[in-house]
Each structure stands twice: as structure tokens, then as C-alpha cells.
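Below you'll find the structures, each written out as C-alpha cells.
Paired with chain B in one complex and with chain C in the other, chain A is shared by the two complexes that follow.
And then the complex of A and B:
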């Protein structure tokens, strides 16, 4: 389009303008190119490839010989007891971690926001696990839960991580300690953004602490809260490192989560097509969960 | 603790007072619990073998030793893994900053068709969990011959949607006058970008860079899949194999290696907490 105006336009300034417009288009595309190429290769391309693979009996050694089998992988998956076991384990883990992480981080954020002495120290302590790698978190808590470790010694239960009943709660405790930090910082910032005058006005009207919490704090912090709820759900559904390091899915598969199952079918069992199907099912679950959260928590605002 | 008991000793406590005490006990009690794992990690790394293996778990290293540090530094690859981790995190950070800054600049400052759509797609891709792509990205990386190469870890995370989002927000708040002036002076786009835009973005890039650095340092799944020879490992991967290779878990070795892997980041965290808080807070404002 730019070229045609260039040729027909007799007026010099118009020529200049369209020339500089073309130049701007080229510059814009060039500056975006690295990102688009990389995201295309490692994000959007793979999303399509995963769908394609999930519809095939994928041959890891000779991909060209993979057979198209339609939705068979998905059908197998629905009647695969190991998949359902992994799904239930993941739901159990979500149930054990999401409420404590959200409620805990909210309480700590509201508490630290008060005029307490040593605010900086408290914030530093609660935020610090955020910079740890899952490897350190996993190994550290493995030691703490060890038969002769600190927790069995003071609380009991023997080695938590080799007990079918206590292994998942153990992983959950380590995760809560580790993951609270992110939400804490976001909610603390959100609380600090609530204007003080709202509380002053409410106090003049004789509102109680509980009323102010219900009618000012929570509504004012709604968007960050919705964000935190969705992110925490999504993260917990994707748990991998903790069970991989702490229990390797055991004992007797009681801590095999969906992503751990996906990882093993793909890289131990070499069933790439099937693993891709597991990935897509997880993707659908995450979309459904996020949409549900958004609908219920932020719905009537729009 | 002692101040609390003396306060409790006073006769009449108003409900305000009680509430304050409960607040302090709750906050500092939780903080204390939060610190126990750290304490255990550091204390164990300095304990002698006898203390580590005693029947009763010890929290105080009565008998100090540097035996575990000595062992790890001389007879494991921990030093090399630290180097690998620094290189990997450093390169990834630089690449992400460059790639994200470029597209953020073009999306906000240059007028070209399709930029709105592209920004929308990037924001949406923010919600795609990376783990979904575990299998296909691995296939692509191995097709490109990048398995066991540092680029096999760097490239898949080089386009970071969160970074684009943060930098686009930043550009929106940044006045355009300087760039306009440079444009009128006949600066090329590239020159404006490198000489004016990048320096102006220093603080935003520092916050984002710190975040990416820590995130890459700690990343687990990709290095685990891609880096397959022991000399290529990053600290998180090395740590885990260290435990597996020894058969019997050696708490002294494990806790000491955990200290080595986390101390650099904890120091970085203490020094640059403000920037990191800022990077995290910016994520909270995405929706």
C-alpha cells in the first residue's frame, strides 16, 4: 500500500510521509522480530505441535513413522488408573496448599501492614523463601521430615515422606513455606494502596474492625486477590519439583502428581504422544479453573 | 518473649492492648517458625559428623567444623556448577532484557500495523503454563541439536511475556519528549533505542533483570531435561544428583550444598530487596 501512494503522489511532502511510514513499519517489525521468532519457536509452535503429537501414536525414534490415531490417546487416558491417581493426588495437593497459602499470606500481609515494630525484618523473613530454588526447598524439608529429623522428633509420625498418609501433607507444608512469599508481597502492596481516608471515614461512622475488613479492605483488594487466587491454583496444579525431589512420587504412587506423571511417561516411558495428551488435559483443567475463579471472584464487577 | 510475659503481668489489659499483643505474638511467632528451616540448614552445615548422626536432632552446632565445605569444594563439582549457574542466569537475563525491551519499544513507540494484536497475544500467552509444552519444546530443542547445550536452556525462556508486560507499562509512564527531540535531530531508530531509550529504562530493567536472574538461577525442569552431562549441571540439578549419587543421604553434605546454592541469592536478595519487591508487585497489577 505504501508503495502505490509513493508512485502516484506528486506532492513531495506526501512522498516523505509515506516513506517515513514505511520506515516506521519496518522498524517496528524489526524490533519485534526476535521476540516473535523465539515465542513462535518455543511457545506457540510447541502448543500446536503438542496437539498434533497427542493425536498420534508418536514414535520417539522415527517421528515420521508416527501413526495418526485421532483421540485414542485421550480415550486411553480417561480409563488409565495411573492418570486418575495422579489427578486425585494433584487435587489433594491443591486442597492442602491453596487455602493455607492464600489465607496465610493475606493474614501476614494485613498484619505486617499494621504499625508493628520491625516491619522491615518481618517483611524480609516472609519474603525470603521466594529466592530459594525448589532443589534447596525439597532437600531441606526432606532432612526436616527424616526419621531422625526435627519434625518427627518434635511432632512424631516417623519419616513423613515414606508414609502414604503423611508424605503429601509433608510436601504441602514445604510448599506453603516456600510459596507464601510471592502472594504476601503482592497482597502487602495491595493493602498499602488502599487509601487511608476510607478507614478514617468508616471510623467516624463507628464501623468495627470486622466491618471495615468486609466493606473496605477485601473489596478494595479484590483484583490482586483474584490474581493471587488464580496464580496459586495454577502453580499448585503444576507441582513437580517437590514430589520429584522429596518422594519421587512414592510411597506407592501416593505423591505422583499430574506433571510428575507427564514427565515420567514422556522421559522414562518415551510415550511422547500420550504425554502430550496428558499435557493438553492439564491445560484444559487449568483454563477451566482460572475461568471459574475469575467468574466467581471478579464476575459481577464487569 | 520476655517482654510479652512482663506485659501479661500488668493487671488491666484493654482489648486494644490484647489485640496488639496477639498481633506481635502471631507475626513474630510465624517469623520464628519461618526461620527454623534456615537455621537448621546453616547449623547442620557446620556440625561434625557425630552431631549430624546423633539420635537426637541438634539445632546448635556444639562442635564446629568446616569438614563438609572442605569436602564439597574439593571433591565435588560444586564450584563448576556455581560457575555454570552464574553463566546461565547471566546470559538468560541479558537475552530476555534485550528481546523484551526491543519488542516493548516497538509496541509502544513505533506505529505499525498488527502491534495491538501482537500485544494482546503476548498478554494472553502469559497465562499459558510452560509445563504444558514440556514434551514438544524438548522435541524442538533436540531437533535443533541444542540438548546438552546452554542455549537449549536459554532460548526457550528468552521470550518472556511478563517482561514485555512490565516494560510496556513502563513505557506508557515514560514521557516521549526526549525521543521526539532525538528524532527531529535525525537520529535513527536504532540509535534512539540504544542511546536514549535503554539508559532511561535502567531502573525498570534492573527490577526485571533481577527477577529473571533469580528465576533462572532457580529453574529446575528445563536444566534437568536439557543439561545432561555432569559438568554442565546448574546448582539445583547438581544438588539433587549429589543426593542420589551418594546412595545414603549425607545430611551434612546435602545441607552444606543447599547453603552454597542459596547464600548467593539470599545476599542478592538482602541487597536488592527493593527492586525485587518492585518486580513482584508489578506482576500483581497485571490484571
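And then the complex of A and C:
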């Protein structure tokens, strides 16, 4: 092929081009190799394995003896009241956490961006919860929600985490407090990236504060906002640590979320194949949610 | 927005701007810009020229004094109600909006015009600016020149009484800059809209404007037509700032009619000496002479001997750097003249081209030491 290229291109530039393209391909492949290896081992590998497991009555001790059962796990799942309970609990948790986290972090970011005194201190305070691990957050809020804790003392309701009505809102409040910080930092950076001159131009064009917000700030922050919305949805759908530590799914399974249910099925019930099917259903839900968000929020020029 | 005769004049009255950190950006600024004039404001960085413009725009508060558009003070008037439109240095186009939306945004917010008419006006302006094919593009897909045209079009479509331009050409390459310069001039002449144009580029100031405001450290240095600023600079700052290469300066003393410098003597005609405004000033003076006013290789009386130090070839002209007993003297000569470094040469200049500054920088030979406002008024009387 190189020969023919050389013949058609009298100056031989075709040959050089194909050579340089090969070189470029090798360089590209070399640079992406570490990612491909790591993602292959820890992401795509398990993904394929989980799909494989979900189609079997999996024997954890002797995988070779696992029985292929096709979509049976998925069929059982659809009529499993515990799975539906976990799904509804998760949706409830998503509903309780996603809007406050996104709106709250946006308001905090816009607020701190203004010329307020002690900006630096506020930024630090708002960000600090995020450095805590889920265990610390869980234990801290378990104390706060305890019957003798600060929150029942001021608001009432006894021990929130043992009340079927208040346990999930309690977990949601802890999560909002914890997760707000990450989005806040991203949105603050995004807001600071919007050039002042756009606001000056808008001011001369006669835009009010609200119009600047709608026509300049939000469109200019759209990409980070889409990112924040998708990440928050994914995080909330995958909630595990908080209910695991604070309520262990109780009382009466009122805080058992999908991942918690998956965990219990797999490691308490030893139903690995079934748990893999639960995981796959969650995976499909997350893909659908992310795609929907992206479709509606990202707009035409993305 | 119909224009009455003097509706679009701009009057600055003792204007002062102090920032929160006590930095005085503009101080005691007085000037009257007439309806339809093209005014450039020049000065070095930090001279307060942009601040001045931003006060007119309503982007900065006026700390003291008053600014009037027509006969109405703009203090307390919202920017969109001042009848101004601004072209920003970086254009400040809305990146997420198409060119059409960029241009129509202000009209939609501030006027009651029906959509159809707004569309029509945007189309007409786009045609005038030669960007009618780009109306549905986003700014990021346009070249620098096209973005500049959109920014200008966005200002024009508002049909303002006054255009404010903050270094609108500084982001363009040299060739496009020259092209856009003439285009802006042509537009301004066609539209007849009062324009205040801020630049640090003296070429733009000299070529484009009816009158130039020279600012330094927040204070007005001179407000006069380009030729006057160039030929009769009010003070040493203006003389040094305007002109490229810059004017030559030599420390001199005046003894009778003789200027005594380091390594040279220069005889002034008594007619000129008589016009010196401050007769007591004899020492600590500076003689100023422009590089193009010097005759290279002169003969006769009243010449100065110098040594060629550097020859700079600039194409049509060459610049020769001479050494006069340790002082540098720049001379502009024709492109064909290329002397050898180290040559000794006699130079001369016409006494009429000489500028003489006292120790405080005041030009002693312009006939008047208080400069800006009286000149500005006589000039406006001439034009009306």
C-alpha cells in the first residue's frame, strides 16, 4: 500500500503521512494503555463477569459448578416484593436528596461568589464535611438523631432513625450535609469562570439580576451543572454506606436501598447470581437516568 | 430615540473617581464633547481612560462632579436608559447565543419593538457590518474580525446617542486593525453618532478622531484636534507620549537667545524667544524636537555635531540614533540613507519646530499654559 501511495504522490508526502499516522496510532495506544488495563481489570471485567453471574445460579465456593438459568434471576426479581421495596426506598431517597443538593449547592456557590466578607472562611466551612468518610458522617448523625441527641431535642420526633417515617429523611439530611460540599466547589469554580464582562454587557443591554441569572449565569454554567446533576443522581441511586451504618436498612426495611439489598442478598444470603441481577437492573436504571438528564440538560451544541 | 441638536453632547464637570482602596483614578476632569464628534481618549495604562468611559457607561459610580448627556445628568440613571452602547475590548459577546441573539438581546429587553421590527433591524445592521451570513453562528465559530463586527453591530443596532468603545481593535492583528480602523471611521461618519473611543494606541488616536483627550494619572493633559496635539503639545508628557519614534529631549539653559545644552548650542530667533510665556524660566529647561523635524547632514550655521550610533532600517524610512555628547538623538531619514556607525555628522532643525518645556513640563512656546478647556471651546466654536 505504501508503494502505491508513493507512486501516486510524486513528492512522497503520502508515504510520510501514512508513516506519521502509524506513529500517531502507536503513541495514542501507548498513552491509553494504562487506563485500558486498569479499567479493563476493575470496571469492564467485573461488568462482564456480573452479567455472566446474573445468568447463573451462582455457586460462590465452586463457580465451575454454577448452573446456567438464563433470565430466571431477573424474572424472580420482578416479582420480589423486597426488591420493589428497596427500589421505592431508593427513589424516595433520590427525591429527598437530589433537588436539595443541587439547588443548595448552586445557591451557596452563587452566594459565596458575591463580595461577601469572610468568603475564604465560608468556602472552607462549606467544603469541610466532604473530607469526612461515610463512617464518620454516619456515626456523627446517628448521635445527632439519637433520642437524647440534638435534633430530637430541638425538633422532636424521638429517635429519628428508629422511626419508619423519619429514618429515611434523617439519612437524607446527613447525606445532603455531606454531599453538598463537592457540588458547591464545582459550581463555585464554574461561576468564577463566567467572565465579568458578560455581566457588564448584559447590564448595558438592560438585563435585570434575574435575567442575568437566566440568560448568562445558568447557560454559562450549563456543562458543570449537567455534570453535577448526573453525578448527584448516580451517587444517590447508589446510596449504601449511610443506611448501612445508621439504620442497617431498618426499621422494618424502611431504609433498605437497592445497593444495601444487593449487599445483603450477596453476602448474607449468598445469592451471588441474584445479587448480580439486582446490580444489573440498577446499572440499567442509572444509564437511563444519565442519558435522560444529558438529553434534556445538555442542549444542542454539546 | 430621536436626536435633537445637542442631545448627544457629553459634558464632564469636575469629574472625580476614587476606588474603595483610595486610588484616585480620575481627578478634576472637565471636557465637553460635541454632538457627532469622534473623540479618542489616549493615555498609558492606568491613566484612567477606561474608568472615564465606564463612568459614562454606568459600569462605575461617579465619585464626584457630574457627567451630562445633552443637558441631563446621568447620575442615578440606569445604564440602559442613558442612550449609550458600548463595544468592549474583548467584545463580551454572549458565547451561548447566536449572533442574531447577541444583537437583538438589548433591543428585546429595553424596547417595546415588535419581534418583526427587531429582526428587521438586526438584519439591516448585519448587512451594514457584512455579517449577514453569520447571523445563526455562535461567536466561537467566528474569526476575530467577525467577532469585532458583531460587537460593533450589537452597539449600532441599539441606535444609541453615544458609542463607547473600549480599545475595540486591540485584539486584532496589525493588518486587520488598520482595515477595521477605516471601517469604524466610515461607519461613524455615516451614522454621525457621538463616539468616545478609548485606546492606548496613538496611531488610532491620531488617525481616527476629531479631537483627542490625553490623560495621564487621571488628569487631563490636553484636549485638542490631532494636529494640535501633535504640533503644539500642551506639556512634556503629551509631547513624549504622542509621536513615534518619540520626540527627542535635551536638557538646556536659555542664555539670551541661545539654548545651551550638553555639547551643543542652538540659537533661537528673538521673535520666538519673545513668545516664551514665562520669561523667568531660564534654567532646567528641556528642548524638544521631533525625529522627522531634524535635517540630517546639514550645513551652515546653527548646526549640531553628532556621531552615528545605531541605524535602524524600517523600510520606507530609516531611524538613525545619534550620540550628542552622551545624549541620544533620534532622526528619521528616507529609506535610502544608511550611514556607517561612527560617522560624524552635522544636524540642524527649524526653530519653528522647536518645543521648549520648563521644569514642570509646561510647554513654554504654545502661547498659553492653561490648555485643555479653552482650546476645546475654541475648536468647537470653529466646527459649529
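One rule holds for everything that comes next: the second predicted complex is superposed on the first by the 261 of 302 C-alpha atoms of A that agree within 3 Å, B and C clash if a C-alpha of one lies under 4 Å from a C-alpha of the other, contacts with A are read in each partner's own complex, and residues count from 1 in each chain.
In this text, contacts are C-beta pairs under 8 Å (C-beta built on N, C-alpha and C of every residue); 3 or more make two chains touch, one makes a residue touch a chain.
Predicted model, so just to flag it, every value in this text is computed and none were measured.
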{"item": "Superposition on chain A - do chain B and chain C clash or fit", "value": "fit"}
{"item": "Partner chain in contact with A:93 - chain B first, chain C second, else both or neither", "value": "neither"}
{"item": "Chain B versus chain C as contact partner of A:205, first or second or both or neither", "value": "second"}
{"item": "Partner chain in contact with A:215 - chain B first, chain C second, else both or neither", "value": "second"}
{"item": "Partner chain(s) touched by A:160 [first = chain B, second = chain C, both, neither]", "value": "neither"}
{"item": "Which of chain B and chain C A:34 touches, first, second, both or neither", "value": "first"}
{"item": "Broader residue contact with chain A after superposition on the shared chain, chain B or chain C", "value": "B"}
{"item": "Gap in Å between nearest CA atoms once chain C and chain B share a frame through chain A", "value": "14"}
{"item": "On chain A, the residue positions that both chain B and chain C contact, one per complex", "value": "none"}
{"item": "In the complex, chain C residues that touch chain A", "value": "57-59, 78-80, 84-86, 88, 90, 92-96, 105-106, 109-110, 138"}
{"item": "Residues of chain A that touch chain C when the two form their complex", "value": "195, 197-198, 200-207, 211, 215-216, 219-220, 222, 301"}
{"item": "Residues on chain A engaged by chain B in the complex (per definition of touch)", "value": "21, 24-25, 27-32, 34-36, 38-39, 41-47, 49-50, 53, 63, 107-108, 111-112, 114, 116, 118, 121-122, 124-136, 138-144, 146, 148-150, 153, 177, 182, 185-187, 189-190, 223-224, 226-228, 234, 238, 240-241, 245, 259, 262-263, 266-267, 272, 275-276, 279-280, 282-283, 286, 290"}
{"item": "Touch list for chain B against partner chain A, complex", "value": "23-24, 26-28, 30-31, 34-38, 40-41, 44, 55-57, 59, 98-100, 102-103, 105-107, 110-113, 115, 118, 122, 125, 127-129, 131-140, 155-159, 161, 164, 189, 193, 214, 217-221, 225, 235-237, 239-240, 243, 249, 251, 254-255, 257-258, 261-262, 265-266, 268-270, 273, 276-277, 280-281, 283-287"}
